[in-house]
C-alpha cells in the first residue's frame, strides 16, 4: 500500500505540474485528466472505492470533457494569450519566500501539528452502500441542497452560455433549459 | 399762585422736573424726526420743535437754580431721582438714577442755555438744507445724551451719555454724508473717542472691582480705604477717556476734522458742550483725582502741551473753522491745566466762559460762512465788517473775550487758571526743574505763551475775515434774523460772564478744592501774586493783539515773506506737527497691515489652506488606494494572498 | 436509517417553501403566467419567513445537527428574507432596463441564492455551511453576469467567480485542516476539542478569516467588491450588498463564536486590524469615486469594518447583538440606496453614463420620492440621527467601549466623517444643482413594486432608528437562545 | 384647568413637534403651491413663536432646576430617554430661535427658487434647534444636534451662492468631526455610568454624579469641547464659518449666526460644566486666551473684508470671542454677560444678515466696493443698519453693551490684562463696522448695474421692527433678562470647583451693599 | 512517515500547485483547471483523513465537493464564454475595464 501511495503521489505531483506549466490549454486539460485518474486511484487505495468511481466519472468524464469542449469552441482565439505566465518570476519567488518564511516562523513559534485522535476501528471503506446510507440518512438535507445547487448552476450556466438571438420573451429561458438538459442530463450525477 | 407756592410746588415735584429736563430733548428728537413725513416747507417745524424742547430743558434748569437753595452752608442742595435698576449682576449694580448738584446744575444751565441759542441759530443756518428733520432730531438727541451724561449719578450711566454724545457727534459730523471726507471725519471722531472710551471702561471696571459700586457718592466715600495704586490707575484710565472726549494729546486729532459738520454742530458739540465732558468728568471725580497727585501732574503736563501745540497750529490755519477748532483744543488744554493744578472750580469757570465765547465765535463764523456761500477759507474773506456788521460785532466780542483782553470774560477765567497753575503744589513731581524753576512756574510760562498765541491767532482771524478788502467772489450778505438773534443773546454773557470771577454754584466742590484757592473776590484782589500774574497775562494778550494788528496792517509784506520762507510742506505748524501722519504710519498702517496678514496669510493661507490640504490628502490617498484596485484579477489575487501572509506575520509578531 | 421525523420537516420548511417558490416561478413562466411571478416570489418569501418564525426553537437541531433553526438563524434568516423580499420588489420590471436579458431566472436565482444564505446561517455543520456558501456564491456569480451584453457585467462575473472560487477553495482547505485537527465537522464538537496551540487549527482559522473576509469584503480581501458591484446590474448589486453580506457575517459570527471562541485572543487582534483597515480603505477610496455603484461598493466595504467592530467586541460584551442590529439596518439602507439608484437609472440608456454620479443631477427635484429615499438611505449610511444607521453605529461603538476598544471607536468615529463626505456628495448632485445649470434627469417611470420596495426600505431605516433600543434588545435576546 | 396642567407637561414637546409637523405638511405640498406653503409655514412659525412666548411667560425665573420637564422612556434598556426641560438660558434661546425662525419664514418670499422646500427645511431646522435647547438626555441632545445639520446643509447647498457646495460640505464635515468625537465621549460616559451605578443612563443630572479620573475627564472634556468649540467657533477652528455664511442664503445666515453659533457655548454651559467641573475650571484660562484671540482676530480680519457678508461673519467670530471670554472667566458677571451676549448676538447679527440679504436681493452683489451712498436712496435701510451696527459694536442703550460690559467686567475680575486685551475689540469693532457702514452708505450713490435700489418694503419692515425693539428694550431695561439668567449663572458657578477662584455672587466688599442702597435712596 | 501524513502532504502540494497556477497563469481555462486542482488537493486530504479516522464524514464531504466542482466548472465555463463574447480573449488580465 505504501509503495502504491508513494508512486501515485509522485505521479500526481508531476501531472499537476504539467497542468500548471503547460503552454497549451489543451495540454493542461490532458494533464488534468491524468491527475484526476491518478487521484481516483489514490482514493481507491485509501479505501474510498465509490469515490474513486465517482471521481473518474464526474471529473474525467464530465468536467474535463466540458473544458475540452470549451477549448475547442473558443478555438484559435484561446491560443492568442500574449504570454503564458501572468506574473514575473520574481513575484512568484517573493510569494514563495513569504510562504516559506511564514511557515518557518510558524515552525519556530512552537506550535504543534497534531491530528485528532483516531476514534474507532477504521471503517472497511467507502463502499457505495455505506456512503449511500450516510447520504440518505444523516446527510439527506445536504444531498437535497446539492441538488438545488446543481439545479441553480445548470440554470445559470444555460442562460449565461446560450447565444442570445431572439429578444427576450417570457418563458424562453426555461425552454432553453429543457433543451440543454436533454443533452447534458446524462453527464450529470443523478 | 405766588412765588412761594410755586417754589413749594416745584420742590415737591422736582423729581418729575428733573426727568423733564431729560425727557424734553428726547421727545423733541422723536417729534422732530416725525416731521420727515411732512412736506419740505413744513419741515422747518422740526427746528422749532427742537428749540422748544431745548428751551423747556433750559427753563426747568433755571427753575432748579432759582428754587433750590444752592448756597446753604453745610451741605448744598441736591436733587435726585431713581428710575430703575439698569444692570445688576453679582453685587454690581448700575442704576438708571439721576443726580443734580451744583456742579451738574452749572453744567446743565450752560448746556441747555447755549444749546437753546444754538438750536435757534441752527434754524437759520439749516434753512436751506433738505434734511432738517434728521438734523434737528440728532441735535436734540445730542442734548439728551449730554444731559444724561451730566445728570448721571454713577459712572455707568455717565458712560451712556458719554457714548451717546459720541454717537451724535459722529452722526452730525457726517451729516452731509454725500461728501466722503465728512463721513470719514465722523468715523475718525468716533473711533478716536472709542479709544478713550476703552480707557473709561477699564477705569470703571477698576473702580467697580475696588469699590464695588460706580455711584459717585460711593466712590467718594471709599477713597480713604482704597489702595493708592488703584486710585492712580483708575484715574489714569479715566483720564484716557477724558483725553479722548476733550481732544487732548494724544487723542486730539479728531476735533479739527470734526469741523466737517454743519457749523451749529461745531458750535454746540465741538466747542461748547461735548468736548468739555472730559473736564466735567474729572471735576465730578475730583475727590479721586485729588488722591492721585501723579495723575494730576500728568494732566497738567498734557493740558499745557496740548494748549501750546494747538495754539501754534491755529496760528497758520486759513480755514476759519479750523482756527476755531484748534483754539478749542487749546482752551480745553487750559481747562486741563486747571484740573491738573487742582483748581476744579476754575476749570469749570473756564468751561462756562469758553462755552459762551466759543459758541459765539462759531456762530459768527457760521454766519460768515453762509454769508459767503459756504466759503471757509479766510484768504477769500476780508472786509466783511460792512456787509455783515451784526456778525462782525459778535465775532469781535468773542475774539475780545477769548483773547483775554481786559474785562472780557476769558481774561478772568484764564488768569485764574494761570494763577492756580503757578501756585500749584509741586507734590506731583516732587522735583523742581533743574532746581531753577518750579514745575508750576514752567507750566505757567507755557500758559502765558498760549495766552499770547491765542490773542495772536484770534486777531489774525478777525483781521483776515473782517478787515481789508473782500477777496471772495460774489456778494457777501448778512445772515438770517434767527441767527443774529441767537448771537445777540450770547454776546453779553460771552463778554461779561467773567465778572462773576468764578461760579457761585460750585459749593459742592468746596471740600475737595485746594484750600489756597478758596479766596473770595476781595481777598483775591488783595493778593499781590495774583495781581502780578494778572497784569503779566493781560500784557501778553495785549501784545499778541497789537503784534498781529501791526503785522497785518503795516507788515503785510513781511508776513508774506515769513510765510514763504518755510515751504508749507515742511513747516511744522502747517503740517500740524505731523501728528496725523505719525498716527497713520505708527498705528493705522501697521494695524491694517497686521489685519491683512492675519486674513491673507493666517486665515486664508495657513488655516484654510491646511484644512483644504488635509481634505486633499484624504482624497489623494483615496485615489492612491484606487490605484491599488487595478481591475486585474492577478493583482487582486496577489493582494489577497499578501493579506493572508501579512495576517499570519502580524499574528506571529503580536 | 433513512427517515426523518415530522419535526425535521418543520425545521426544513423555510428552505422547502423558498425552493418551492423558485420552482413555481419557473413553472409559472413556462405556463406564461408571467405577471404573477412577483406575487409568487413575495408570497413564497413571506411564507418562508412565517415558517422560520414559527419553527425556530432554542437549540433545536434537525438531521443530527445539520440544521439549526435557533435564535441566530432566526435573526439572520429574517434579515436575509426581508432583504430578499425588498430586493425582489426593487428589481421588478427593472431588470431589462439594466441589460439583463433573461426572464424569471433572475428572481429564481436570487431566491435560490437566498436559500443558500439561509442554509449558511442555520447550520452548525461545516459541510452544510460550505454547501450553503457555494450555493449562494454560485447563484450570485451567475446573477452578476446576467447583463450579458454589458462588458462590465461579464467582467464582474469573471472576477467574482475566479476570486470567489479561489477564496472558497482556501475556506475548504481550512475545513480540511479543522477536520484533521478535531476529527469533526460539528461546530460544537470542534469548540470542545479545539487545541490551543495546534498549528492546523491556527492555519484553519486564518483560512476561515480569508474565506469569510472575502465574502463580507474585509480589507485586504475586499478587492473584488468595487469591480463586481459596479459591473453587476444595480438590482443584483443591491441583492449582493445585502443578502450575501448578511449571510456571510452570520455564518462567520457563528463559526467564530461557535467554534473558535477558545482562540478568541488570536483572532480578536487580527479582526481589530482588519476592521480598521477595512474602514480606512473603504472610506478613503470612496471619496473621489465618480461611479455611484462603485462608491456605494466602497461604502459597503467600510460598513463591513463597522460590523467587524461588533464581532471584535462580541467576545466579552454584547457585540454580537450590535453587529446583528448593524446588519439589519445596513441591509435596508444599502437596499434603499442601490434601489434608488436603480430606479433613477430607469430613464437612461447607456450603463456607463448612467453609472456616473453626475447622472443623478437634479434627481431630488424631478423625482422627489426617489430623492427622499436615497437621501434617507445615504444619511443613514453616514450615521446621522435619528436614522437607523446612527443607532447601529451607536450600539457598535458602545459595545466596543465596554470591551475597552476605545481607540477603535475613535478611529471609527473619524472614519464616519470621511463617509459623511461622499454620501453628501451624492446629495450635492441630487439637490444642489441650479435648475438652469444642470441637465436635470427626466423623472424616471418607476414601477409600483419598486416604489413599494423603496418606501419599505426608507421607512424601515427610519423606524429602526426610532425604535432602535427595542430591536437591539429583541435581537440580543433572540441571539442568546 | 386640566388643559393647563397638560400643557405645562408637554409644552416643550409641542414646541419641538409643531415645526416638525409644519415641515412635513410643507414638504408634502406640491411644489407649485408656493404661496400656500408660505402661509402654512408662517402660521406654524407664528404659532411656535406664541408658544415660545408662552413658555417665557410661564417660566418661573426664581425656581432653581429645570422646568417644564418631561420624561418618556425611549430605550429604557440602554438608559436613553426622551427627557426635556428648560432653565432660564434655554428659555431665552428657545424664544430667540422661534423669533428668528418666524422672521426668516416671513422674509422667505425673497427666495425665488423652490420656496416650498426652503420653508420646509427652515421649519425642520427650527424643530432641531428647539430640541437642542431643551434636551436633557445626552443622546437626545446628540440626535437633535446632528439632525439639525442636514436642513442647514441643504439650506446652504441648495439656496446658496457660487461656492455653496464647498461651503456646505465644509460646514457639515467640520461640525461632524467634532460631534463624532463627542459621540464617542458620550458613549464612553454612558458606559462609565453603567459601570459605576449599575444601570445605564444618559440623563444629564445623573451624570454629574460620575466619578472620573483626571486624565479621563480631561480627555472626555476635550472631545466635548472640541465639538462645541468648532460650533462656536473658537478661532483656529473657525474656518468653516466665513464660507458658510457667505454662501448661505440670507435666511440661512440669520439662523446660522443667530442660533446655531449659540449652541456651542450652550453646550459648554449645559453639559461640560456639570459633567467635567474640574476640567472646565482648568480650561478656563485657555478659554479666556482663545476668547481674546477670537475677539482681536475676528475684528482685525473683518476690517479688511471686501464682502459685507464676510465682514459680518468675521464680526461674529469676534463677538463669539466675547462670549467665550465671558464663559472662561467663570464668574457670575462673565457668565451672565456671555449668556446675554448669546441672545444679543442672535438679535443683532441676525438683523445684520437680514440687512445684507435685503441688499443682495436688490443688487445681487455683496461687494462693499460696489456700493456707495445708499443712505440717500434707502434712508430707512441706512437707519436700521446703523442701529444694528451700533448694537453690534455695543453702544450703551443697545443690547450689545449690557452683555459686553458684563463680560469685560468679568474678565477684569478674572485677570485685568485679559480685559485690557479684550477692550481692544471694542475699539476695533467700531473701526470695521463704521468703516463698512461708511463705505456702503455714504459718499456718492453707487450700485451695481441693474440693481433695483429701493427702500425697505413692508415685509422687510415687519422683520426689522421686532429686532430693533429688542435691541432697544434689552439695552435700556435688561433686568428681566438678567433675572432669567441669574440662576443658570449661579448654578454653573456652583457646579465648578471653586477653590482658588472668585467666590460667586458674594459681594465684592462686605459692606458695599449698604452704600449701594444708600445711593439708591 | 505514515500513509496519512504522506497523503496529506500530497494533498497540500496539489492544493498549492493549484493556487500557484491560479496566480501565475493568464489563460482563464487553465486557471479554471488549477481551481479544480485545488479542490482535488482538498479532496485527497479529506479521503486520507477519513481513512485515518475511520470516519465517513470525510468521504461524504468529498462526494459533495465533487458535485460542487462540477457545478463550478459549468458556471465558470459559462462565464468564460460570456467574457469571450464581450472581450474576444481568454486572458484573465485583459478584462480590466473596471478599476480605480
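Couple of notes before you dig in:
In order of appearance the chains are A, B, C, D and E, and numbering begins at 1 in each one.
Definition applied: a contact is a pair of C-beta atoms (placed from the backbone, for glycine too) under 8 Å apart; a residue touches a chain by one contact, two chains touch by 3 or more.
These figures come from a predicted structure and were not determined experimentally.
Following the contact convention of this document, B, C is the list of chains adjacent to both subunit A and subunit D.
Note: the chain lying farthest from subunit A is B, by mean C-alpha position. Innermost chain of the displayed assembly, by C-alpha centre distance to the whole-protein C-alpha centre, is D.
Chain pairs B-D and C-D differ in how many C-beta pairs they share in contact, with the greater number at B-D. Here the spacing of subunit A and subunit E, counted between their Cα centres, is 5 Å. For this pair, subunit B with subunit E, the centres built from the Cα atoms lie 98 Å apart. Rounded to whole angstrom units, the spacing between the C-alpha centres of subunit D and subunit E is 66.
Subunit B has its Cα centroid 103 Å from the Cα centroid of subunit A. Among the residues of subunit A, those in touch with two or more other chains are 86-87, 95, 106, 115-116, 118-119, 139, 142, 146, 149, 152-153, 156-157, 160.
Of all residues in subunit B, those that touch two or more other chains are 626, 629, 631, 633-634, 637-638, 641-642, 648. Among the residues of subunit D, those touching two or more other chains are numbered 173.
Contacting chain pairs (ordered by label): A-B, A-C, A-E, B-C, B-D, B-E, C-D, C-E. The residues of subunit B lying in touch with subunit C in their complex are 618-619, 621-623, 625-626, 628-629, 631, 633, 635-637, 639-640, 642-644, 647-648, 650-651, 654.
Interface residues of subunit C, counted against subunit A in their complex, comprise 1-4, 12, 15, 19, 26, 29-32, 34, 62-64, 66-67, 96, 101-105, 108-109, 112-113, 115-116, 119, 127-128, 131-132, 134-135, 138-139, 141-143, 145-146, 148-149, 157, 180-184, 193, 195, 197-200, 202-203. Residues 8, 11, 15, 18-19, 22, 28, 31, 35, 38-39, 41-42, 45-46, 49, 53, 55, 57-58, 60-61, 64-65, 68, 71-72, 75-76, 78-80, 82-83, 85-87, 92, 95-100 of subunit E are the ones that touch subunit C when the two sit in their complex. Considering their complex, residues 634, 638, 641-642, 645, 648-649, 652 of subunit B touch subunit A.
Touching subunit B in their complex are the following residues of subunit D: 170, 173, 236, 238-239, 297, 300-301, 303-305, 331-333, 336-337, 373, 375-376, 390, 395-397, 401-402, 405-406, 408-409, 412-413, 416, 419-420, 423-424, 426-427, 430-431, 434-435, 438, 441-444, 476-479, 482, 486, 504-509, 512-513, 515-516, 518-521.
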